[in-house]
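Letters A, B, C and D mark the chains as written, and numbering starts fresh at 1 in each.
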Amino acid sequence: MNDPRPAPVGQRRWAIAEGYIPPDSTHGDDPRLVSHETACLLNANRCDAHVAITLYFSDRDPVGPYRVTVPPQRTRHVRFNDLRDPAPVPRDTPYASVIEADVPVVVQHTRLDTRQPALALLSTIAHAEAG
Amino acid sequence: MNDPRPAPVGQRRWAIAEGYIPPDSTHGDDPRLVSHETACLLNANRCDAHVAITLYFSDRDPVGPYRVTVPPQRTRHVRFNDLRDPAPVPRDTPYASVIEADVPVVVQHTRLDTRQPALALLSTIAHAEAG
Amino acid sequence: MNDPRPAPVGQRRWAIAEGYIPPDSTHGDDPRLVSHETACLLNANRCDAHVAITLYFSDRDPVGPYRVTVPPQRTRHVRFNDLRDPAPVPRDTPYASVIEADVPVVVQHTRLDTRQPALALLSTIAHAEAG
Amino acid sequence: MNDPRPAPVGQRRWAIAEGYIPPDSTHGDDPRLVSHETACLLNANRCDAHVAITLYFSDRDPVGPYRVTVPPQRTRHVRFNDLRDPAPVPRDTPYASVIEADVPVVVQHTRLDTRQPALALLSTIAHAEAG
C-alpha cells in the first residue's frame, strides 16, 4: 500500500475566549477589508470534518450549533460575520466560541479591525482541549 | 436523559506574562476605543465559575485577588482597566497575571492600543496550567 | 564529557490554520515591508533539521512538500512568499500549513500586512502536535 | 500554617521562534515607543528565578546565555534591545530564543513596531516545553 496515512493533526475540541466583530469598517467597499473575525479550520484528514460551533455571550444563552463541513485535506477560513443559521452573529458584542469536530482539526482565531483607515490584526492558535 | 453534558472545556489555572495598559488614547471619547487590556473568560460549564485574578509587578508585591464570577455558559471579557477592588491597575506599568477558577475556564489576553490614531491589537490564548 | 547536550526543544509536527498573503503592499520598494507571511523555524539541535511544509487550500488538493533544511543551532524565518518548489504560494488566497521535521523544532507564524501605509502584524506559536 | 503555597505556574524551558527588532522608530524620542521586542517573564514562585536566554541566528553560532534574575512573585518584561552581555542583539536581523529557568516561569513574546507612525503589535505565549 503506497498511501502513507500520517497520524491525524489537531484535536476534536477547541475554544476561543475572545470574540468581537467591530461595528464599522473604513474600507467596506472591499469585502476583504470589512472588519471581521475568522475561525480558520484545517482538516488534514482523508475524510470530511463535521464541525459544530457554539457561541457564548455575556448576557444571553449560547447560540448554536453552527454546522460547517470541511472537506478532506482542505482548510476553511470561516468568517463569523457570515454565520447565519441559527442566527447572525451580532456586531459590537463580546462573544466566545467552542468548536467541536468529529475528527481532529486545527483552529486559529484572527480578527481584522478596519474601524480606522490603518488595519489592525490579531491572531492566535485557539485553545486545544487534549484528549 | 436529554441533557447532554459535555466534558468541561479549559483549565483551572492560567497565566498571562505580558501586561501593559497604555497611558493615552486618541479616541478616548468612545469607551470602546480607550487603550485597554482584557482577560476574556469563557465558562462553558452549567455552574458559576468563581475566578480570582492576581496581578504581579516588577517592583512591588502582588495585588489581589480580584474576584470575578462568570455565570454558567457565559463569557466575560474583563477589562483590567475596570478592576477596582482591592486596587486600580496602574497605567503605563508592566504587570502580569495569574487567573484561577474553581471550574475549568478558557482565558485569552487582548490589548487595544490607541496611543496613535491607528489602532494596534495583540491577542493570545493565555498559558494553561495542565492538571 | 564537557558537552552538555540539553534535551531537545520542540516537536516534530506543527500546524498553522491561518494563512493569507495580502495581494498588495504600500512600501513594496523595501523587501522588508512587502506584505508577507513567515514560518519561523528554530532548530536548537546539534544536527540538521529536515523540514517538509505542506500547504492546504479551500478548493484544491494540498501542495508540497516544500523542503527546507535548518542547520544545527540555527533559525530560519521562511517566507511563504519565497516558496517556489513545487509551486509558488498564491496571493490573496486562504491557505493553511502542516510543518513536519525529522527532529524537534519550534514553529511560529507571523504576518506583516502593508496594504495600508500603516503596518499590521499578527503572530502566534503554531499548534504543536504532541508525541 | 497560614501560608498557602500554590503549585508553581509555568515551565522551566520555553522557546520563541520569531525574533526581529525593527531598525527604525518613528517616535524614538519616547523610549516606550522605540521599536522593540520583549520577553515577558512571570515568576510566581516564592524564590528567585534564575533565567538564561540563548539567542539563535540564521548565519552564526548561538549567543548567550544572557542571565536575568526575576525576584520572587515579580514579573520582568525584558527588552531584547537592552541585552548587552555577552553581546548586544543586532537590529534588522532574524533571531530566535530559548529561555531556561531553574524554577517554573511563564514567558510571553511581544513586539512593538513603530517604523511607521502607526503602531503595530504582536504577542504570543511562548512555546512551553513540557516536563
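Everything below uses one rule, namely that contacts are C-beta pairs under 8 Å (C-beta built on N, C-alpha and C of every residue); 3 or more make two chains touch, one makes a residue touch a chain.
The model shown is predicted, which means the values in this text are computed figures rather than measured ones.
Peer 1: Same or different: do the copies chain C and chain D touch each other through matching residue numbers, with over half of them shared?
Peer 2: Comparing the two copies, chain C and chain D contact each other through largely different residue numbers, since under half are shared.
Peer 1: To test your reading of the model: what rotation angle superimposes chain A on chain C by C-alpha positions, in degrees to the nearest 5?
Peer 2: So the angle, rounded to a multiple of 5, is 90 degrees.
Peer 1: Measuring between mean CA coordinates, which chain is farthest from chain A?
Peer 2: D
Peer 1: Taking the mean of the C-alpha atoms as each chain's centre, how many Å separate chain A from chain B?
Peer 2: Inter-chain centre distance comes to 21 Å.
Peer 1: Which whole number of Å gives the spacing of the CA centres of chain B and chain C?
Peer 2: Their C-alpha centroids are separated by 30 Å.
Peer 1: Residues of chain D touching 2+ other chains?
Peer 2: Only 117-118, 120-125, 130 qualify.
Peer 1: Which stretch or stretches of chain A touch chain C in the complex?
Peer 2: So the residues of chain A touching chain C come out as 6-7, 9-10, 32-33, 38, 40-42, 44, 73-77, 105-108, 110, 117-125, 128, 130.
Peer 1: Per the contact definition, I'd like the list of chain D residues that touch chain C in the complex.
Peer 2: 13, 15-20, 56-59, 61-62, 92, 94-96, 98, 100, 109, 111, 113, 115-118, 120-127, 129-130
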